[in-house]
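The same chain A turns up in both complexes below, where it pairs with chain B and then with chain C.
Right, the complex of A and B next:
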C-alpha cells in the first residue's frame, strides 16, 4: 500500500519506516484515525455486529418478551422449527418468490435496458424516468394501494373481465392460489426501474468500438447481442442477480401490507413469519423467531457464497478474451 | 451514422410497446390520484373511469387532520433528516480514513463490512429492538434514527472511501504545512471537496429512511403518536377499513414529497444509483 508513504512524505521529520515501529507507537500516533472511526465502530458494532452474534444466542432461548429474561433451552427452538409446517411454508414461499420474481425482474429489466440503450430509440430519458418512478415510492404504501387496485371491483379485475381474460371478477391478492404471485407482480413492478438502471450502467461499459466492429462484420442485431454483448454482460448478470436476490429477501413491507401473508399463510414469506412470531403473537416468542432468523440468515449466506463463486467463474471466463 | 428523416417501422413498434408498458407503470399513480378525489362509493362504482364527478378535496383534509397524517409527516421528516445527518457524518469520517490511511485493524474492518454487506433487515430486527429497549430508546425518535443510521450503511462508507482515495494528496499537505490538524483538514478541505459523494449519500439515505417500514413499525408498536407515514398508512387501513378515499388521499400525501424530490433531482438520483453499482 502506498498510503503509508504518502502520509510519511511530510518534509518536517524523517521517522523510521512504519513497519519498524511498534504497534503501541503506531496506535498512539494514529489516535485521531480511531477517533474518526469511533462513530462507525460504535454504531456498527452495536447495530450490525452485535445483532449478528446475539441472534445466535437468542435462538437457544425460550424468551417470551423483551421485559423478561430468557431461559436457555438448547436446540429446542431449532427442533421445533424443523417440525413446524408454517415455517417450511414460509421458507417455501420465500424460495418461490426468489425463483419467479428475481429472473422476471432481472430479465425484463435487461430487455428494456437493451431497447433504451439503442441510439435509435426515441424518448429514452422519458421512459427511464417512468419506469424508475415506483422505485422512489414507499413499499408499504404501494402494498396498500395495490390491495385496492387488485380488489375484485378494482381496475385490474374490471379491465381483465372487460377484455375477456377473466370470466368473473377476482381479487388476486386475496385468493390463496394467487396471492404470492400477485405479490411477485407488484414487487417486479415496484423495483424494475432500479434494475433497469443497473443494466444501463452495465451496457455503457461496453465500448462502442465493439458494437461497430460487429456491425462491420455484418452481424445482425440478434447475432451481435448473442455473441458480442451477452458474453460481456455475464459478470454483470451475476452481480445484478445477487443484488436483486438479497432485495427479494427484504420484501416484508410490500407483502405485509398487500396480503399480510394471507389468505391462510399462502403468501407468508420468512420475514413475515419472523415478525408475526416475535411481535404479533399474544405471547411473543423471541427465541423461536430468532432461530428462524438464524436459519434464514444461513440461507442468504449460502446464496451469497454460490453467487460469489459464480462471479469468480464469470470473471475467469471473460478474462482472457 | 445515418439519420432517418421519418421513424422506421421498427421505431414505431418500439415506441408503441414502450408506451403500453409505460402505461402499466403510471396507471397505478393516476388511479391513486383519481381515487383520492372521489367519494368512497364512487371509487368502485364508476368502473374504469378515472375522472371524479366532483373533486372531493375534503378527503385530504380528513387524512391530514383527523387521522393524524400531519403528525406522521412530522415524524417521518424528523426521522429522515436525523438518519441522513447521522449517516453522512459517520460515513464521511470513516470513509476518509479508510480511503487514505493505513492503520492497525483496517483489514479486519473492511472484512467485516464485506461479510455483513447483504444482511437482510429481518435478520437483525430482534436484537436491534432488544438493544434499543435496553437503551430505553424504544418509542423515541432517537431510537428509530439510531436503528436506521448507526449500523449498516456500508455502501455510503465505501463510496466516501473510494472518492477520498482518488483526491490528490497535495491538497492535504498544503493545509498541514499551514499547521492544520487532522480535524481542520477534514472539515475545511476534504469534506467540502467531497460534495458530489455527499449528495449521493444524502439521496440514497433519504430514499431509504423515508420509505423504510419494518423498523419504525416495530419501534412504535406501543406509541401511535410516533408512527411514520408508511406505518400510519397501514394502521389507517386496519382502523378505517372502509374509508378508501381518505386512505388514497393519505397515500398521495405520503408519496408526494419523495416523488417531488425525485422529479427535481431525477438525473442525480439515477446517476447515484448507477454510480453506486459501478463501485
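Right, the complex of A and C next:
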C-alpha cells in the first residue's frame, strides 16, 4: 500500500483590469485622433440628430411660421392631421406612387439588366451609359423639362394624337387623372439606371458554371431564368426593392417642379404636403408640418427596419460564401 | 512642440473657425463696425435690379463711404423660405420685402417683433407719400414701420396683347374689348385668323394663386365688392355670389371656345409669358410688370409690338376693381444694426427723382403715379398706368379699422380647396360644380373665421365680425382715411 501526498499551492493575485487601462491609455495617448473626429460628430449631431429631435418636439407645438417660438398644445396637431382630408390624400398618393413605381422600376431594370448582361448583346457599354445618364441629372431640372415634354403641345401628346391614340392633345402632368402617373413614369425613367446597375452587379455574382450546367442539362432561356437565375437573385430582389421603396418616399424635387402637387392635389405626395404646410400656407404651420413629417418619418423608420430584417434574411439564405 | 501637439492645435483652430461660421459669430465684427458696415437687402423685384443698384444704392454709397449695400434678388417662394430660416437663425437681412411669406399681414409680423420702426430715423410723414400711410398697414402704435413706394392703384388682370397678331387677325388694336363677350370674340378671331398654332389667350392654370387673383378681378368687374370677397355691408364672405360664379364661368367659356392655349394647365405665370412672347398666344392677362419683365427676358417681343387694354367688364356699364391701400414693401429687421442707414436709403425712394426711375423700370407703378406720364417708359406701360386710374379704386381694409383683426387673420388656418384650387379643378376638368364648390368654400371660410375670432377673443382682444363691416363704403369712390374716421 502506498501513501500519496498533496502539495499545497500558494494563493496568487488577481490579474489587472487590462481593458479599462487600455482604453484610458489609448485616449490619453491618441487624444488628437478623437479631436479630429469631433467635427464629424458635432456635424452629425447638429444637422441630423438635433433636427430629428427638434421636429419631434415641434410636432407638439402650435407654431405660426412668423413667430419666434411655438406654444405647446399636446397631441392636437396629430388629432387635426387625422381629420385632414388633404393629409390622407397625400398619404394615399404616396402609397400609390410606391405601389406602382417601385415594381415598375425594379422589374424594368431587371429586364434590361438581363438583356445587357448577355454576351451576344451588342453595344452593351453604350446602352448602359445611356440608361444611366438620367441618374446624374438634377431632379428639379428633370421636372421642368418634362413639364414641357408632357404638356398639350409637347412631343408626347402630339405624337399620340398623330398616331390616333388620342383624339385631342392632353396635359399629362396637369390632369387630375394622370398627373400622379406622369410623375411615376418620369421618376422611373430618371432612376432606372441606378437600379439597373444594382441588377447588373447582382447578375455578376452568379457563377458562370451554373449557367453552363443548365445549358448542358437542356434548359431553355426561360427555364434557365425561372429555375436558375431568379432563385439566385431573390435575395438581391429583396434588397433592391427595399432600397427603391425608401427612395420612393423622397420624390419632392421632381414632383414639385413637375406638377406642384396638382391639379386639385391629385399628385400631392406627402413631402409636398409638408412643404406646403410649412412654407406656403398663408400662415405657415411649422408645428403641424412637423407632425406630418413625424408620421412620415415613422413610416420610413418602419421600412428601414423591414429592410434590415430583409438583409439579415438574405444573408442567411446566401450563406457564408 | 511635438508633431502631435502641433497637429492637434491646428485642428482645434480649424474647429473653432468652423463653429464660428456655423453659429454666425462672424456677424459680430459686422455689428461692431460703427458708422460703416454693410447693409443686406433682399427682395424679389428682378426688373428693378439695375435701377436699384445704379439709382439708389450706388449714389448713397458714393455719398457715404464705408457703407456697402448688398442686394439679393430671389423669386418670391425662395425669398419667403429664406426669410423664415434666417429669422430663426438670427441672420435676417437689414431690409427685405415680404414676398413669399404667404398672406401674413404686416401687423402680425410687427406684433411678432420682426421689424423696428423707422419713422424717427427719417421723415417719412413729411415725404410725398406721407398721406398714404395708414394705421394698421404702415404705422403701428403711433410708429411708422414702412411706406408704400408703389401705387395701390393697380391690378393683375391687364389684357396685354401681341399687336402683330391682333393686326394679322384683322383686328384694330385701338378698338378695346370693353366687355367679356367682345374679349371672347377677339380671342376667337385671333385663334382662327392667324397662321400657325396661335391661340387667342393663355391662362396659366398650374398656379392656383394666379387663378384666384384673376377670378377676384373678374368678379369685381362684374360688380362684386372688394378687396377680399367681403360684402362690406354685412361683413360676410361672398365667394359664392353671382359675380364670382360668373367670373369662373367666363373662364370656362374661354376654354369651351378653344381659344385658350391647350398647354395652359401646365404653365405658371412666367411660363405663360414666355409662350406669349414666343407668339403662341395673342392675349395674356397679367400685371403692369409684364412689360418690364419682357424687356429683361424677351425684349424681342416688345420690339414686335405690345399693346394694352382696360380690363373688360361683363356689360358695357363699367365697374371698378378694388385694392387695399398699398402696403409697405420694404421693412427693416429688428435684428438690424443699420436701421439709420436703411431708413435714409428708403426715404430716397419717396422722392420724385427716384419715383421717375422706378417708373422707368416698368414694374409695379410708383406711388407717385403721376410721374409715369413724364417718365422714360414704353407707351403701352404709360397707357396701362393711365388705365389703372380709370379702373381701380381703393377699398376698405379691416386691419385699419380694428387693430385686433390681424390676430384673427394670423389665427386663421388655410381652407382647401380654396378659390384658386377650385378654379384649377374646374379648368382642368376635375369638377363642373362651380356654384357648389364656391358655396362650400364660403361656408368653410366663414366657420374658420368664426373659430379664429373666438380664439382671439379668449385672449382678451376686442374683435368681432363687425370689424369687417364698412357701411359707409361707396363702390365708386376710394375708401380713404377720412372714411375710416367717419365709419
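Here is the rule we use: the second predicted complex is superposed on the first by the 278 of 321 C-alpha atoms of A that agree within 3 Å, B and C clash if a C-alpha of one lies under 4 Å from a C-alpha of the other, contacts with A are read in each partner's own complex, and residues count from 1 in each chain.
In this section, a contact is a pair of C-beta atoms (placed from the backbone, for glycine too) under 8 Å apart; a residue touches a chain by one contact, two chains touch by 3 or more.
Model, not experiment: these values are computed from the prediction.
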{"item": "Which superposed partner A:187 touches (first chain B, second chain C, both, neither)", "value": "neither"}
{"item": "Partner chain(s) touched by A:175 [first = chain B, second = chain C, both, neither]", "value": "second"}
{"item": "Contacts of A:266 with chain B and chain C, given as first, second, both or neither", "value": "second"}
{"item": "Contacts of A:279 with chain B and chain C, given as first, second, both or neither", "value": "both"}
{"item": "Of chain B and chain C, the chain that contacts the larger number of chain A residues", "value": "B"}
{"item": "Partner chain in contact with A:154 - chain B first, chain C second, else both or neither", "value": "both"}
{"item": "Touching partner for A:97 - first (chain B), second (chain C), both, neither", "value": "neither"}
{"item": "Chain B versus chain C as contact partner of A:36, first or second or both or neither", "value": "both"}
{"item": "Touching partner for A:87 - first (chain B), second (chain C), both, neither", "value": "neither"}
{"item": "Partner chain(s) touched by A:60 [first = chain B, second = chain C, both, neither]", "value": "neither"}
{"item": "Shared contact residues on chain A - chain B and chain C", "value": "32, 36, 39, 42, 46, 66, 147-148, 151, 153-154, 279"}
{"item": "Chain A to chain B touching residues, read off their complex", "value": "1, 3-4, 6-7, 9-11, 18, 23, 26-27, 30, 32-34, 36-37, 39-40, 42-44, 46-52, 54-55, 58, 66, 112, 115, 119-123, 127-134, 136-149, 151, 153-155, 158-159, 162, 189, 194, 197-198, 200-201, 205, 239-240, 242-243, 246, 249-250, 252-253, 256-257, 270-271, 274-275, 278-279, 286, 289-290, 293, 296-297, 300, 304"}
{"item": "Chain C residues within the chain A interface of the complex", "value": "4-5, 7-8, 11-12, 14-15, 18-19, 22, 77, 80-81, 84, 87-88, 101-104, 108-109, 112-114, 197, 205-208, 261-263, 265-267, 271, 280, 409-414, 416-417, 421, 424-425, 428-431"}
{"item": "In the complex, chain B residues that touch chain A", "value": "1, 4, 7-8, 10-11, 14-15, 18, 21-22, 24-29, 31-32, 35, 43-44, 47-48, 86, 89-91, 93-94, 96-97, 100-104, 109, 112, 116, 118-131, 133, 146-147, 149-152, 157, 169, 173, 176-177, 181-183, 186, 207, 210-214, 218, 221, 229-231, 233-234, 237, 244, 247-248, 251, 254-255, 258-259, 261-262, 266, 269-270, 273-275, 277-278"}
{"item": "Chain C partner contacts - residues on chain A that touch it in the complex", "value": "31-32, 35-36, 38-39, 42, 46, 64-68, 86, 147-148, 150-154, 168-169, 171, 173-176, 260, 262-266, 279-285"}
